[in-house]
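Quick heads-up: structures coming right below.
Here chain A shows up in two complexes: once beside chain B, once beside chain C.
Right after this comes the complex of A and B.
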């Protein structure tokens, strides 16, 4: 459809570090639910956003056990947004900077996440209608 | 024809010791090498990336010395050598007491007031 766009989003913050990641997820979620294709490129600490070994925890301060706390992990949100994208007729592509992954040892990722280079970011941006960089500050 | 992209670098010296470079300068090199029509603007504290004579060597923890410290002004100069236009906000440099002679050769000075006109020359602005 002509009104469907392709958007590139560059993330840079590690999980649990900044509200910028949450804001970016809101933007991505809104776009994929409308059937747009979103190409995410994770740079630096953001490559841990899809790390498969993220685990929820109980929270004694909250007085809640593991189930009640229902602590969110970004990897699960990413998987959910990928499913939402598919259901809406679009696609959420999630690519990690390979060298950034190696530096941090976070190569184990959820299904659907790929590994790439800055050139892949550039090619993705060239194929997109626009690109949003969400940098670390 | 590739889109013309301007990488705006404002956050400076973030993890440059660990990375042994600046991550945005690095990714600009990588994308230029891949064929991107990409250029760079140094503003805010990042104008210091163009200062000559920086020396980050000598770091050692527990006897384990860093052998390849960041050489950011050299990395910026190499970008210029590759045909990347590197702009520097002259107001930001002046506020930090930096004169033109303090900076590497080949930079393109731009005033803060001139930024909208500069941005209009690019298809996309990536503000890091």
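Right after this comes the complex of A and C.
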């Protein structure tokens, strides 16, 4: 096990829109499982990644009911990564840009998600050993 | 000498920006920096032999370490045996390894 680090990851993509989100989640997952503290700052559409009202749905076209479709919701992945971080002795801090949240009306989020401002992003990056920005197109 | 991690998620058949990113990797390596180019998502498509593969081969020759995300390769049905010489499959953990190391990381 490497020394515990603090890493910042900045996300911009809304859920269900880009493979970048999936890749970013894979990186975050790998980092928290090593016991690192990961600070995620979401802005623009990414603030909906942790929106609590995301709901799984059935797929009538393919004849699958809710259980068979097992539709993934990123809010659940975030919660699972938070749990994995805690189990590994680290922490996943997930912060949404408050203005971006208010613009989109997605203030209802899963437990553990906080809101902040670009100043908090800067402070987080300053306190981190490294920062990865995942830009959108 | 600095160390860089360049992540390329885009397909060179879709956007010419990829060529500029490859140029950046080559330029950094030419200046004596240690550079890893990590291909992910559709960025792995030129890792198999194609009309756009020459640029990646040139990067390998320039000393850039070129890695292709195993998961992205699997998603696209690209077997490791079909990768260009000098391009290696790698787990996403490599990104974490290099972030830990303190490399300057850029995503395209």
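Here is the rule we use: the second predicted complex is superposed on the first by the 135 of 137 C-alpha atoms of A that agree within 3 Å, B and C clash if a C-alpha of one lies under 4 Å from a C-alpha of the other, contacts with A are read in each partner's own complex, and residues count from 1 in each chain.
As a convention for this text, a contact is a pair of C-beta atoms (placed from the backbone, for glycine too) under 8 Å apart; a residue touches a chain by one contact, two chains touch by 3 or more.
Since we're looking at a predicted model, the values are computed, not measured.
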Let me test your reading of the model: by the given contact rule, A:23 touches which partner, first (chain B), second (chain C), both or neither? second
Classify the contacts of A:5 with the two partner chains as first (chain B alone), second (chain C alone), both, or neither. second
Just chain B (first), just chain C (second), both, or neither: which does A:59 touch? neither
In the overlay, answer first, second, both or neither for which of chain B and chain C A:130 touches. both
According to the stated criteria, A:31 is in contact with first (chain B), second (chain C), both, or neither; which is it? second
Mind sorting out which residues of chain A both chain B and chain C touch, each in its own complex? 130-131, 133, 135
Mind listing the chain A positions that touch chain B in their complex? 10, 12, 43-44, 117-119, 121-123, 125-126, 130-131, 133, 135-137
Report the residues of chain C in contact with chain A in the complex, numbered from low to high. 9, 40-42, 69, 71, 92-93, 95-96, 99-100, 102-103, 105, 107
Within the complex, which stretch of chain A touches chain C? 2-3, 5, 7, 19-20, 23, 26-27, 30-31, 34, 36, 129-135
Which residues, counting only chain B, touch chain A once they are in their complex? 2-3, 5, 11, 14-15, 23-24, 27, 30-31, 33-36, 38, 124, 126-128
